[in-house]
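Presented sequentially are two complexes of chain A, the first with chain B as partner and the second with chain C.
Up next is the complex of A and B:
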């Protein structure tokens, strides 16, 4: 068996080992890399920056533990920015897991870092079954869709909800999404029909389906995957809203190396495939 | 016949037509009926959870009773389901004493057993399952991602550009190209953005418009009573 045959029939455990090392080593010994902020990430920042202080922002959590490493870093950055600018944050979830994701972020950022007051600076409405129908429903009425919040208290009893009857009273929508229902549904059932500005932070695999809405202007920019989160951190630091880079940038070292290793594997596999095919044609 | 065919058909046609009309006639009573139907969906969706749970229990129990291959895993599923349902439905199930949570709010409270199960059992398991994908994607890419013909080669090149262009280390390969001007379009990050925006955008739009047209035609067939597969008919 010559080299190319060996490459073609490489035991997949070797591939697993190399991928594991290419992720583990940069995570254990992280390195920073210069990062170019893409126009889509700048568009997200500009859309948020255009909001006057004290605006009411609806943040919807549509992701779970499986996509936490990708979406959590951008959720942190967005929340930090919103609380620093004294925006009122209404949190809800279209995924059951989103309830726990939002709780984790609010505990860490709203309570831990900014000592924000529940019911005054922010509120967590929780999860409601029904996917896009929930979006249509809050377009009609928040109190009918969410009679109580996650604390079991009447939604309308909290000061933050005074004057917030439905989607018309919301200034901006931010969807933190990892699939269906998510960003696409927010565009289709809220942002577009009710002419509400919105933007999104989503997983890298979701970027392809959201991009048409970004290009059409229905969604103001996009934070795509861990790279989007890392770029947003860099941008917030440039603008003085962050003092240090977060998990987005820490994770990018591992993702960078893993991507390059994966590409190297694909190229090696194709070289071996090409050589073998030429040999077969000869004989 | 009346119960199995005509009543469900009448409900579908009535609700379908009214929901459609309420977009064009938002005034009451049509407007309020249309809004109420949206609420009905929420309620039905909540009941569907019970149906899903019953279905899960039925399928898993059948596999255990028939001692099918891997039946202990089905047993684990049922035990995990029962435990999670117990701590979820019992809002007095929490660590320590002195709590008096309202039903439903306990799932979101760190002291509750449900929260513990979710955060310390489900979260790591779910994250682990997803993380394993990286290894299988790498192995599958190595074996199957081949430039066998022109179409496969275009896909391969686009994939490689996106994979390299989306990470800062990869972007360094073309960092020597100027930031602006003609040659800047060949920087990997710009190329990957271009692929996302144009070839991908065009393809995605075509798919979306196709799906939308399909949804419209299927909905019309349902509302007009032409499509009856939901009744179990051909």
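Up next is the complex of A and C:
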């Protein structure tokens, strides 16, 4: 059995092992790699930077623990930027798990790092069932859709909600999304019909679904997957909003090595396949 | 302590799932069945308490005797409570303003919520599928859902997915700020046109038509490749997340560095 035959009949468990090691080794021996910020990530930053200080930003959490490694790093960066610029942040969730994700991020960033005041600098409205109907509903009234916040208090009693009757009073929408309902629904039911500027940070799987809205200008840029999160961190650091790179960049080294290994496997597998096929034709 | 136990159990389940990559085994089976059972229970509970209960049972009109029997749910069944000329919020029992004994004496004020019996009846009609003789009744709620969903989504889809996308596709091929932009617009035009040709099945794909269709296939393959690439990236990110948990949180409990 020559090399190409061996490759063709390679036990797939060797491939699993090599992929695992390609992730594990860079995690144990981390290194940083230069990242070039893509125009889509730059567009997200520019859309946020265009907001005057003290704007009201609606952040919707539409992801859960299964997609946490991808979306959490970008949620952290976005929240850090929003609080540094003194924006008012209204948080809500279209996924039940989104509530726990938002609590985690707000506890870490709003409370832990910026000592932001609940009800003044930010508010967590929590999860509401109804998918896109919730978006249509807040377009009419926040207080009717969310009579109480996650603390069980009347939403209208908090200073941050004074003057915020519906979507018309929101300056910007940021969707942190991993599927349905998510970014697509925010474009369809909020950004387009009410002419609201919005952008997104979503999982890599969603990128090809969302990119058409970005190209058409319906959504201002996109942070796609862990790479998008890492690029956004780099950009915020370039602009002086971050002092050190976060989880996005810590993961990117391992991700890049894993990608190189996968590409190598694809090339080797294809070469072996074509060599084998040529041999079979000869005989 | 409880957190440490949780981390160890999560690590065990993670490794049990990974063990399937070597071969099927009882640890994997245990983790798989546990995940399936817990997921089903979790989502059923979430669906009931976040959708069915607040949108239906919490709003529906209940006989007063029934409400007084289950006082712990007073806050979702009544609008407010009146006692000795004073008005209390519906959650007065929860926040401690009223005791169960006081609520028994109070007047439970409830808006007429008979309207909510309509979705309740429509919901029950779904289950008539289980009785073949009256199974046709299940079409009524289905018709309502279809009509409502179509009405809700039609306009948004037309605006966001049709009009805006067509408008974005009709881009200038000359007079653009850069030559690259003109080339990009040309590629979009060719991609959309040949892609549409591929999906036109009323004519045999041969000759010039077949060639255009083949170009459309190449564009489709590029888009599938991009989708596959992003999917691989997402899956590697998830694997990365698990390894970060194992190294950071789980091994951290051994070395004292983790949470």
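Side notes on the structure shown:
In this text, the second predicted complex is superposed on the first by the 283 of 283 C-alpha atoms of A that agree within 3 Å, B and C clash if a C-alpha of one lies under 4 Å from a C-alpha of the other, contacts with A are read in each partner's own complex, and residues count from 1 in each chain.
Criterion: a contact is a pair of C-beta atoms (placed from the backbone, for glycine too) under 8 Å apart; a residue touches a chain by one contact, two chains touch by 3 or more.
Keep in mind the model is a prediction, meaning the values are calculated, not measured.
Legend: residue contacts after superposition of the two complexes on their common chain; A:201 is shown touching neither chain B nor chain C.
When the two complexes are overlaid on their common chain A, residue A:246 makes contact with neither chain B nor chain C.
In the superposition on chain A, contact is made by A:10 with chain B only, not with chain C. Contacts of A:260 after superposition on the shared chain: chain B is touched, whereas chain C is not. Residue contacts after overlaying the shared chain place A:181 against neither chain B nor chain C. In the superposed pair of complexes, A:23 makes contact with chain B and with chain C alike. Of the two partner chains, neither chain B nor chain C is touched by A:98.
Of the two partner chains placed by the overlay, chain B and chain C both lie in contact with A:212.
Set against each other, chain B and chain C touch different numbers of residues in chain A, with B touching more. Contact with chain B, but none with chain C, is seen for A:36 once the two complexes are overlaid on the shared chain.
With the contact threshold set out at the top, residues 16, 19-20, 23, 66-69, 129-130, 133, 136, 152, 204, 207-208, 212, 215, 224-225, 227, 255, 258-259, 262 of chain A are in contact with chain B in one structure and with chain C in the other. Interface residues of chain A, counted against chain C in their complex, comprise 13, 16, 19-20, 23-24, 27-28, 66-70, 96, 127, 129-130, 132-133, 136, 152, 187-189, 192-193, 203-205, 207-208, 212-213, 215-218, 224-227, 251, 254-255, 258-259, 262. Those residues of chain B lying in contact with chain A across their complex are 35, 38-39, 41-42, 45-46, 48-49, 101-105, 107-108, 115, 118-119, 122-124, 126-127, 129-130, 134-135, 137-139, 141-143, 145-147, 156, 159-160, 163-164, 166-172, 175, 189, 193, 196-197, 200-201, 204-205, 208.
Touching chain B in their complex are the following residues of chain A: 10, 12, 15-16, 19-20, 23, 33-36, 38-40, 64-69, 99-100, 103, 124, 126, 128-131, 133-134, 136-137, 140, 144-145, 148, 150-152, 204, 207-209, 211-212, 215, 224-225, 227, 230, 252-253, 255-263, 265-270, 273-274.
Interface of chain C with chain A (complex): residues 21-22, 46, 50-51, 54-55, 91, 152-153, 155-157, 159-161, 164-165, 167-168, 223, 226-227, 230-234, 236-241, 243-244, 247.
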